[in-house]
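Would you mind keeping the following structure in view while I ask a few things?
Order as written gives the chain letters A, B and C; numbering starts at 1 within each chain.
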Amino acid sequence: MYRHLFKLIWNKRKQNFLLMSEMLVSFLVLFAVFTLLVYYYQNYKKPMGFEYKNVWLVNYSNGDKIHNGDSLKLFYETLKREIRAMPEVKDISLSSSNVPLTQSMIQNGFFYKGKETNNVNTYQVDDSYENVLQMKMLEGRWFNKTDAVTNTVPIVINSSLKEEVFGKEQVVGKIIGDDKAKKQIIGVVADTKFKGDYEASGMASFSRIDSSSIHWMGKMLIRVTADAGPAFEGRLYKKIAGYIENSNVEIEHLINKRKSINYFALVPMIVLSIVSCFLIINVALGLFGVLWYNINRRRGEIGLRRAIGATGRSVASQLVIETMILATFSLIIGAFFAVQFPLLNVFDLSTGVYMTALVLSIIFIYLLVLVCAFYPGRQAAAIYPAVALHEE
Amino acid sequence: MIRLQNIEKVYRTDTIETLALNSISLDVDKGEFLSIMGPSGCGKSTLLNIMGLLDAPSKGDVRIGDQATLNLSDKQLAHFRNKKLGFIFQSYHLINDLQVLDNVELPLLYRNTTAKERKQLATEALEKVGLSNRIKHFPTQLSGGQRQRVAIARAIVGRPEIILADEPTGNLDSAMGSEIMEILIQLNKVDKTTIVMVTHDENMANKTHRLVRLFDGAQVQ
Amino acid sequence: MLKNYFKIAIAVLKRRKFFTFISLFGISFTLTILIVLTAFIDKVIGDDYPDRKRDRSLYIVRMEEVGKSGHSSTTPSFSFLDHYAGSLKTPEKMTIFSRYNGTNTYVNNKKIAINYKYTDANYWDILEYQFLEGKPFTQQQLDNREKVAVISADMKKEYFGNIPSVVGKYIEADNVQYRVSGVVKNLPVTSYMLYSDIYLPYTISKSDYKDKSYRGDYMAILLARSKGDLSKIHNEYEQLVSKVPMESTEFDQIISHASSYVASYVDTGNEKKSGVVYVLTAIGSFVFLFMLLPTLNLVNINITRIMERSSEIGVRKAFGASSRTLVYQFIVENIILTLLGGVIGMILSLLALYFINELNLIANLELTINFTVLLCGLLVCLFFGLLSGVYPAWRMSKLNVVNALKAK
């Protein structure tokens, strides 16, 4: 029977061409949308890796002209001590501009045994950073005061970077970097979704702020108690603005930053989903119309098949299967294009994401075709052979 | 072979009731070649449809062979038609998107056969109607007479005991018509196939064993 | 003849309600999405409040220093713009203003986030902000380093509440008290070059605007005497920049352009990637992919519609209609259908825009349908109608009379 249907479809290839190309394009659109959705969902399922509640972000401009790095360090140490002394403050850390839940990014290469790994987020932070954000150490330890006197620069990496570069190897104590700048890994920290709930954590390496980089710092992260309110925020603001003269200061809450960064991820996703929903409805209606018309055009054929021994059910299933075979052809071509994405690594997504999206869109197309062919198929089954055969 | 008893067929629409067949009783013997004649709209096609189990009578009983057909399900009917009956139509009803051989194989698809068997049986049937050199053609590439011969091959490929032909020569000129008629007569003589044929053509009807005339749904001869 | 076509078309569309519905659904929905997109783009880069003299303005928003080991791209500093762009001969006027930055203020235990921008006095001449009350600060106030501010209507409402006039009152931001000199109409944040909550004289800026470093926080607009001067100014600035001495030995090239609004709006910050090309490709491929599916669908439906009527076409041909008249008739029918879909699409777009505006996704971004958007919609409609009608019509003209008559 299948061979028979293949022949029928092949001989009608000219008529079926448009129908197939429509299914193909629908598949590609669905594949794109599902890839995005699966990617977002996979990231969404992963733990955040840090605690953003009750963490405030202070943006300040480095107004004071202290040119000596060590003096500047002292200057900030004093400020931090004063802030830490406030009862509502649990801990405070300076940070480079790429603070969590903002769009700001700093990426560098990571050198190990002469091989460079690109797109590694590099963060420059204080010893208290881990405590402020309550990150999880997996191996080794976070920075502390003793690191100030070591010869090699200590760094902490996250588990994504560890997996990418070292796999299952033991990494604590390893020396990395080129001859000019040797660094030692002292710890591995769990992945943190710094770009919001829906983005991957990416690879990251952390290092301590030193007396040269402190000139470029412009952010502070402060962990406060749960009951710290606007009155305290006002006082904190006055303290910082009064201490760093000639500076523009702004305080934001990470909890709000998370909302807005998620919003930026979600809005395009929602718009895309709505648009593709309508596209699919559009395609479904069109498919339904064409199939329905085809049934009417083939009444004679259907009547004949009934006369020579096909049951109503087999006529209906023939039509559904015919459409499914058409869909299969489109899907094979579509899948060929789709697998190029993981093969050529077009976007930086894992193969699993593509494969899940591929399977989902194949299932979706089959369901769509099934639904669209079902009613016309039932109509065909209801055709009365005695009538259909005498119409012409 | 076919026994019709007190067949009545009523078509109902919202406003009118039409009596298409009025208490028809008819016996067709095994190996008989019967023709049915009558003016347009006299109910001959309806009668043929009822014999072919494509349509159910409003009243009365149809027996084919020793099988009562009244309470058969859609599936059983389909199976029965497939095994016992072959159909030929005035407008051939070939599937234009399939080649001649595939068209002839069609009835075999609805029973358990292998592709090889199907091909063999279909080729044999086409030989019988003298079209073995046309098996790769599409129906649209054939003349009317050739198309009807393909339809006959399709009707006989499943070796049915009965062939029902609805004006098989109606769309053909007289030479081609005679050719088709000759094939049917041979089938009846050689293979002992029972044939019931509806026709307009007195000449064709005269070549058959028996003639039944219908007028306004009733048997007049 | 056209009237006749029209009558037949309407009759046909009425007869085949389901197919008409599918076609209309596809067309109107596609159009709705495209109109919303156009309205958005039009609003974001086409809205000329407050820079109404956009057509004779050039914008300097970026300065790139390129060296062997890397490059740095950011906004130029005040002194760079003042010293170099300020020395240009051709422009009629120039204004220098900072990017917007955030700060807070705390009123009655309530926190207010404030975006501030430093400007010069020319800013208020070149840009035609609509003053709801008061007036801009003057050159003299600027020179005297007076702590005055122009604030936005939103800021007024948030800081002072619903009071009729705030001119002369004080607003505290960043630990400093500023006297309000005027209130201007709101801008959406998408006009990122000019958007702010409060506008302050650059002379009271906390960071040292006299800093001689090239990199900074400022942008400039050059106003030409006439449109004809634009390319002259562009070239003059280009030449000037090429002669600017390097800031450090790290770099061997300085790049900065005075370009049109659109080009500077979509600037990618990288000389090698043209923002205009990038944005055009992105929008173009989205629109293409997005329209491909409904078009295919429509072509499919149209072919089905034609084939269904093949016997009618056969009869018409048999009675002497030429293929050409039939094709015309079909295309007219299809264009009527698309225009009908277009009208429905317009209504849907109005609804969609209303909802989007209600949701207030981006503050002060009021999307409207204007003449440009309508024209775009109409063009898209006609294009759609022709595209989806031509191939089926061609198929129709090939239809064989005999077969068409035979097939039912």
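Side notes on the structure shown:
Keep in mind that, in the parts below, a residue touches a chain if its C-beta (ideal position, glycine included) is under 8 Å from a C-beta of that chain, and two chains touch if they have at least 3 such contacts.
A quick map from chain label to UniProt name: A, C = FtsX-like permease family protein; B = ATP-binding cassette domain-containing protein.
Please read all numbers here as calculations on a predicted model, not as lab measurements.
Each of A-C and A-B has its own count of C-beta contacts, and the greater count is at A-C. Chain A has its Cα centroid nearest to the centroid of all protein Cα atoms in the structure. Separating the CA-averaged centres of subunit B and subunit C is a span of 72 Å.
Taking each chain's centre as the mean of its C-alpha atoms, subunit A lies 28 Å from subunit C.
Our note on geometry: subunit A versus subunit B, Cα centroid distance of 66 Å, whole angstroms. Residues of subunit C found to touch two or more other chains are absent.
Shared contact sites, meaning residues of subunit A that touch two or more other chains, fall at 392.
Residues 45-46, 49, 52, 54-55, 74-75, 78-79, 81-83, 86-87, 89, 91, 93, 95, 97-99, 102, 105-107, 109-111, 115, 138, 154, 158, 166 of subunit B are the ones that touch subunit A when the two sit in their complex. Put simply, subunit A touches subunit C in their complex at residues 18-19, 21-22, 25-26, 29, 59, 61, 63, 229-231, 233-234, 237-238, 241-242, 246-252, 267, 275, 278-279, 281-283, 285-286, 289-290, 292-293, 296-297, 391-392. Of all the residues in subunit C, the ones that touch subunit A in their complex are 18-19, 21-22, 25-26, 29-30, 33, 101-104, 106, 109-111, 113, 116, 174-175, 206-208, 289-290, 292-294, 296-301, 303-304, 307-308, 361, 408.
The touching residues of subunit A, counted against subunit B in their complex, run 1, 3-4, 7-8, 11-12, 300-301, 303-314, 384-386, 389-390, 392.
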